[in-house]
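Each of the next two complexes has chain A plus one more chain, namely chain B in the first and chain C in the second.
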Partner chain A sequence: MSRLDIKHGIIEMGHGSGGRASATLIEELFIRHFDNSLLSQGNDQAAFNVPAGRMVISTDAHVITPLFFPGGDIGSLSVHGTINDVAMSGASPLYLAASFIIEEGFPLADLEAIVISMARASKAAGVPVVTGDTKVVERGKGDGVFITTTGIGIVPADVDISGDRARAGDLIIVSGSIGDHGIAILSSREGLEFGTAMESDSAALHTLVAAMVADVPGIRCLRDPTRGGLATTLNELARQSGVGMRIKETAIPVKAEVKGACELLGLDPLYIANEGKLVCIVAPEDAERLLTIMQKHPLAQNAAIIGTVCTDAQQMVVMATAFGGKRVVDWLAGEQLPRIC
Partner chain B sequence: MKYVDEFRNGDTASALARLIRAEVKPGRNYRLMEFCGGHTHAIFRFGVNDLMPENVRFIHGPGCPVCVLPAGRIESAIRLAEEERVILCTYADLMRVPAGSRDSLHKAKARGADIRMIYSATDVLAIAQANPERQVVFFAIGFETTTPPTAAVLKIAKAMQLNNFTVFCNHVQTPPAMMHILSAGEAGIDGILGPSHVSAIIGSRAYADCCDKYRVPLVIAGFEPVDVIQSVLMLVRQINAGEAEVENQYTRAVSQTGNQKAQALMQEVFEQRPMFEWRGLGSLPESAVQIRSEYAAFDAEKRFNMKEIATADIKGCICPAVLRGVNNPDECKLFGTACTPEDPKGACMVSSEGACAAYYSYGRYRETTGTT
Partner chain C sequence: MSRLDIKHGIIEMGHGSGGRASATLIEELFIRHFDNSLLSQGNDQAAFNVPAGRMVISTDAHVITPLFFPGGDIGSLSVHGTINDVAMSGASPLYLAASFIIEEGFPLADLEAIVISMARASKAAGVPVVTGDTKVVERGKGDGVFITTTGIGIVPADVDISGDRARAGDLIIVSGSIGDHGIAILSSREGLEFGTAMESDSAALHTLVAAMVADVPGIRCLRDPTRGGLATTLNELARQSGVGMRIKETAIPVKAEVKGACELLGLDPLYIANEGKLVCIVAPEDAERLLTIMQKHPLAQNAAIIGTVCTDAQQMVVMATAFGGKRVVDWLAGEQLPRIC
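Up next is the complex of A and B:
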C-alpha cells in the first residue's frame, strides 16, 4: 500500500472512491490522529454501551472561510460547535461522529493540520471521534473542506433545560464578551486588513455547563449564541418561551477591539457570531449563585447578568442603551452588511 | 472607546435635552431634516427621539446612498454582471436593493453572476490585477464621501495601464439635492442637520447658498447622538432668532473649506454630469458627476456602451415621498407587511441608513401597540 505524501500531496478523486487510496487516507490520517479503540476497529459504525437516562443528539455542518483563522480552524471549530450544541441541553457529551467532504486538489498538508487540530480539540474535551466518513468532490464543487460532526451525550437525571422554559422574572446571563469569533473571522478574510490581534473564542463549553448544572440543576434555558449572535439567540428564546426580554447595553461585555471593528464597519456586536459563549436563563433566586460558579470557570470569568425576562405578548427584546434611550433588538434581516457611509 | 464614548454620554445628552426643552417655544413646531442616513440611523439606534420635546420633529432626508439610486441603474449593473467575462464589485449595502421586476444583485449572484462585495475601492484594483482575463467593473455609488476613493483608484488604474478595469459611476452631490428639496418646499423644513462625513470633504462653505436662498438654518452635525442633540439645540436657537446661517457643530472633522486634496482629486477625474435621475427626487440637473474624457477608457458606461434603463417604482411604495421628507415610513401601506427588511420592496427598507429600515429594525412603530 502506497503511503501518503502529506508534505506535497493533494486530495485526488481516488481518495474518496472507497478503494485502496481511501483506506490509506483513513488509516494514515484519520485513524492515526483520532487514535481511539472504537475508530481503530475499522467498522462502518461504532458500538458502545450507554448508561440509563435521557440522551441527546445534535449535528452541525461546518463551512467556513478562511479554514484557518486566529484562535482556531475548521477542525477545532467542528469539535467545539457540536460539543456545545449537545452541552446546551445540560448533557455531558460522550462521542462524536465526523463526515468530511473534501474538494479534489485540497493539499494533504492542510487536511492533516485540520485533522490534528480536530484530534487535539477532541482529546482536550475528552470526547472522541469514534466513526466517520470521507467523500471527495470534483475541483470547483466544494470550498476546500466541509466537516459535519454529530455528537451524543447523556443528560443528568434532574436536569430539564429547554428554550421554552423562560418565565417572567427570570434573569439572563451571558458567559463572557460577545462578538470575538465573528470579528476574528472578518479581520482574517481577504480584503479586510485591520491589524487587530483579535482571536476567535472557539471553545468547548461542556465543563462549564457541567459545573453550572451540578450546582443549579434547575437552569431553564441554555444556548450558544453562534450565527446571528446574542440578539438572535435572545429573540429565539423569547419566541420559544412566549416572553419578552429587557436587557441593558452597559451590562453586556464587549471587548474594545470588537467595539472598534464594529464601529469601523458599521456592524452591531449584538449580531456577531460567538463560538465559545453561552446564554443562560435562570430563576432570580439562583442567579447570583450561578454567576459566582460561572466566574470561577476559566471560560466564563467575565460572565454577567445582562437583563430580565418579562411578560410581553409581542415577545420583543428591548435594550436600554448606554445613552439613556431604548431600542428594540430585532431579528436580523438577511445577513449583516457593512454600511457605506 | 475614546472619541466615541464621550459622544454617547447619556448625562451630557440629558443636559443638552433640558436646554432644548427650555428654549423651544411652546406655540411652534420645529421640523428638522437630518439629511444623512447616518443621522437617521443614530437617532433610532440611540433613541434620541425619547429625549426631544414633542414639538421637535425629525424629518428624514435623502442622504442614504443606496436609497436614492434609481432601479434602472441597478438593472443596468445586473445586466452588466451577467455578461460572461465581467466581475462586478460593489459596496455591500447595494446587494439587496430591489431593481425592477423584483430582481437584485443578490439574486443575480445566486443565478451565477460574479458579483463581489468590497470594503474599500482599492480592493477592486487587486481583483482586476488577479483576474487579467476578466473585465472588472466597480459599481461606484455614494455622495462626496465615497467619490474621492473612486477618483483615487481611477488615477491609479490609469497609471498602471490596467486595461481590464472600469468604473460604473453613480456618484451624486449633496448640495443640489438639498436645494431641490428646499425649492420644492413640500416638507415644511425649519432647519437642517447637515452631513458629517460629506462636509469633511466639501467643507461647511458649500451650504452657504442653500441657507441664503431659502432662509433655512443648517448645522453640520457629527454622527454620534450627543452631536445630534447639540446640533438640534443650535438649530432651535437659530430658528428662534430668525437666523439662517451655516453653523458647524462637527468642528473636530469639518472645516470651512473641507479637504482640498480630495476636492482636487475629484476635480481632476470627474466633471459635472448634466442630468442624473434620483430615486424619489426625479431627474436633477448638475447633481452628479461623470468620468472625464481623459479617463474615458475606464468608464464602464462607455466601454460597455451602457444605455439608460427606465424601470417603474413598485406600486404602492412611497419611498419617493419618504426621501423628500413628505411622508413618514409608517404612512406607507406596504410598510411592515409587504415590505420588510427580509423582503424589501422599496430602497429605503434596505440599508440600515434608510428611514424605513431604521423605523422597522428599531421597532419604534410597534411601541404604540403597547407592551408590558
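Up next is the complex of A and C:
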C-alpha cells in the first residue's frame, strides 16, 4: 500500500471510503500511534475479558476550537474528558473507543499531531484506545476534526456514586482552582494576554478518584464541572438530589489570572469550564479525611470545602459573597463560550 | 424550565452550552424518547451489572447524507450500524451510547424525527441508549447532524469470531442481496428513479447472529460489508487471515434493480455499501447447516454460499465471472459514494 505523505498531505474524501485509502490511514496513523494489540487486530470491534460486577459507559463529543491550545489539544482533551466522565462514577476506566469526523482538506500533519497527543494521554492514563472509526465530510461541512470518545470502566464493589445521593448536611468539596480551561481557550482564541500565560487544566482524574474511593467508598456524588462550570454542576446535583446548596465565595479557589481575566471580560468564574477538576459531595464525618487524601494528590493540592448541602424545596444554590451578601447561583443561561470542549 | 418549541424551533448555540438550554433539550427530546431508567438518572455515565466473561466494544460515526432516505434515516442507521458491529463478534449487544454533533439552525422537528426513529430502532432491537452527549457547532461548521454511537455486548463463552480465523477450505456465505443501501441513498440523493423504488436494507442483525452462533459456535469470521462493499470486506478478511478467496459472480445475490442501476451508472455492486447484510466464513462441514439456519431468519432468506477460502500468498480475491472469465476483485480505490453511512 502507498504510504501517507504526512508532511504535505491532506485528508481526502477517499480516506473515509472504507477502501484502500481508509485502510492506509488507519494503519499508518491510528494503529501505529495507539499501538495496542486489541486495535491492531483490525476487527470492527475490540473484545476483552471482564470480571462479574458493575460497569459504566460514558461518551463525549469534542468540538473544541482552536484544536491546539495552551495545555493541550483536542486529542488529549478527548482522552481526559471521557476518562473523567467514567471516573466520576468511582469507576476505574478500562478502555476507550474513538470516532473521528474529519473535514476534507485537513492537514495530515495536524491529524498526526492530534493522534500522537491522544496516544500519549491514553498511555499516560493507562487507558488504551482499542477500537475506532473514521469518517470524512466535504470541505465546509465540518470544522477540521471532531472526536467522540467513549469509555468503559469497572466500579469497585462497595462504591455507589450518583448525582441523586446528596443529603442535607453533606459537605461540598472542589478539587482545585476553577475556570482555568475556559480562560486558557478564550485567551488563545482571541489572542488575548492576561499577564501570565494561562494553561488549560485538562487532566485525567481517575487516579485521584481511585485514591478517594479507596479511603471513602461512601462518597455520595462526583462530577467534573466542564461546560456550564461549577455553578451549573452544583445546580444539576441539587436538582437530581432534590436539595439546596449553600456555598462560600471566599472558599472557592480561583487563580488570580482567571479572576483578572473574568473581571476584564465581564465573565463569572463560576460558569467557566474546567477539564481537570471535580466536585465531590460527601458525608460531613468523612469530609476532612477525604480532603487530606485529595490534597496529597498532585491534581488536587488546592482542594477545598466550599459549602454544604441543605434542605431546600426550591433546590437553590446560594452563595455567600466575598462582600458579605447573598446571591442565588443559577444555571448557566445562554452560551458564554461556545465550543469550549 | 421553558419548553422546547419543537414545531418551529431550531438548534441554537445555547443548546450545546451545558447550561439550562442543554438540560431542556436533553430532558424534552432525548430522555423523553429514549425513555429508559439508566438515561433518565441524569448522570454523565450509565452503570449496569455484567457477568464475568468476554465483552466487546465498537464505535461508529454516522455522517450520511441525506439524513432521511428510503428505508431509514441517520437515527435508525446509527442504531443498526453499531449493533451490527457489536454482533459481528458473535456478541449479544447490551447497550448503546450516542453522541450528537448538531449544526446551529438545525430544525428541532427534524432532530425529533431522528431521535424518535433512533428510539424506535433501539427498542425494536432491545438495545437501549443509556448515555449520551450533545454538542452544537456554528452554521457552516457542520452539516445538520452527525451521530456517533458506541455499543457494548457480551460474547457467548464458546464463540471466538475474528477476521484472522479464515482457513483454506472454509466456505464464504453472504446473508442476502448486496448493494441495496448504497443504491437507495444514491437514488434519493440524485433524485434518480430506477423503475421500482429502492429501499435501504438498514437492519439490526444481532438476532440473526444469535441464531447462527447458537447452532454453529465455531463460525470463523463475521463482518458486515458496509462502506467499500462486499469486495472490500472480503479483501480485509483475506488480508487479516493471510488467505485468498475464490468467489462466483453468479452465486452472489443482487437485486435486478440494483444490477440495473449499477449498469446505468457504471458502478459495481461489489463495492456498494450494505447496512443489513453480513459475510460469514465457516468450516465446510458446518456450511450447509448454517445456511439452512440463516435462510429461516427473515433477514437472511436469500443467504447464499458464494465461494471458498484458499491458500494464496498474495491474499487475492478472485471472481469467476458470469461470462466464464476470471477477474481480480481488489479493494475499493478512491471514493465511489461519499457519506454513505
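Keep in mind that, in the parts below, the second predicted complex is superposed on the first by the 329 of 341 C-alpha atoms of A that agree within 3 Å, B and C clash if a C-alpha of one lies under 4 Å from a C-alpha of the other, contacts with A are read in each partner's own complex, and residues count from 1 in each chain.
As a convention for this text, contacts are C-beta pairs under 8 Å (C-beta built on N, C-alpha and C of every residue); 3 or more make two chains touch, one makes a residue touch a chain.
All values derive from a computational prediction rather than experimental measurement.
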item	value
Chain touching more of chain A, residue-wise (chain B, chain C)	C
Contacts of A:S117 with chain B and chain C, given as first, second, both or neither	neither
Touching partner for A:E263 - first (chain B), second (chain C), both, neither	first
Which superposed partner A:S202 touches (first chain B, second chain C, both, neither)	neither
Partner chain(s) touched by A:S76 [first = chain B, second = chain C, both, neither]	neither
Touching partner for A:G324 - first (chain B), second (chain C), both, neither	first
Partner chain(s) touched by A:C310 [first = chain B, second = chain C, both, neither]	first
Partner chain in contact with A:G244 - chain B first, chain C second, else both or neither	first
Those residues of chain A which chain B touches in one complex and chain C touches in the other	330, 333-334, 338-339
Chain B residues touching chain A - in the complex, by the definition given at the top	1, 4, 8-10, 13-14, 36-38, 41, 44-51, 63, 65-66, 91-96, 117-120, 123, 126, 141-143, 145-146, 197, 225, 340-342, 351-353, 360-364, 366, 369, 371-372
Chain A contact footprint on chain C (complex, rising order)	12-14, 16-23, 41-63, 85-86, 88-89, 91, 95, 97-101, 130-138, 140-143, 146, 148, 150, 152, 155, 162-164, 223-224, 226-228, 232, 236, 240, 271, 273, 330-336, 338-339
Residue numbers on chain A that touch chain B, as the complex places them	191-192, 244, 256, 259-260, 263, 265-266, 310-314, 316, 318, 321-328, 330, 333-334, 337-341
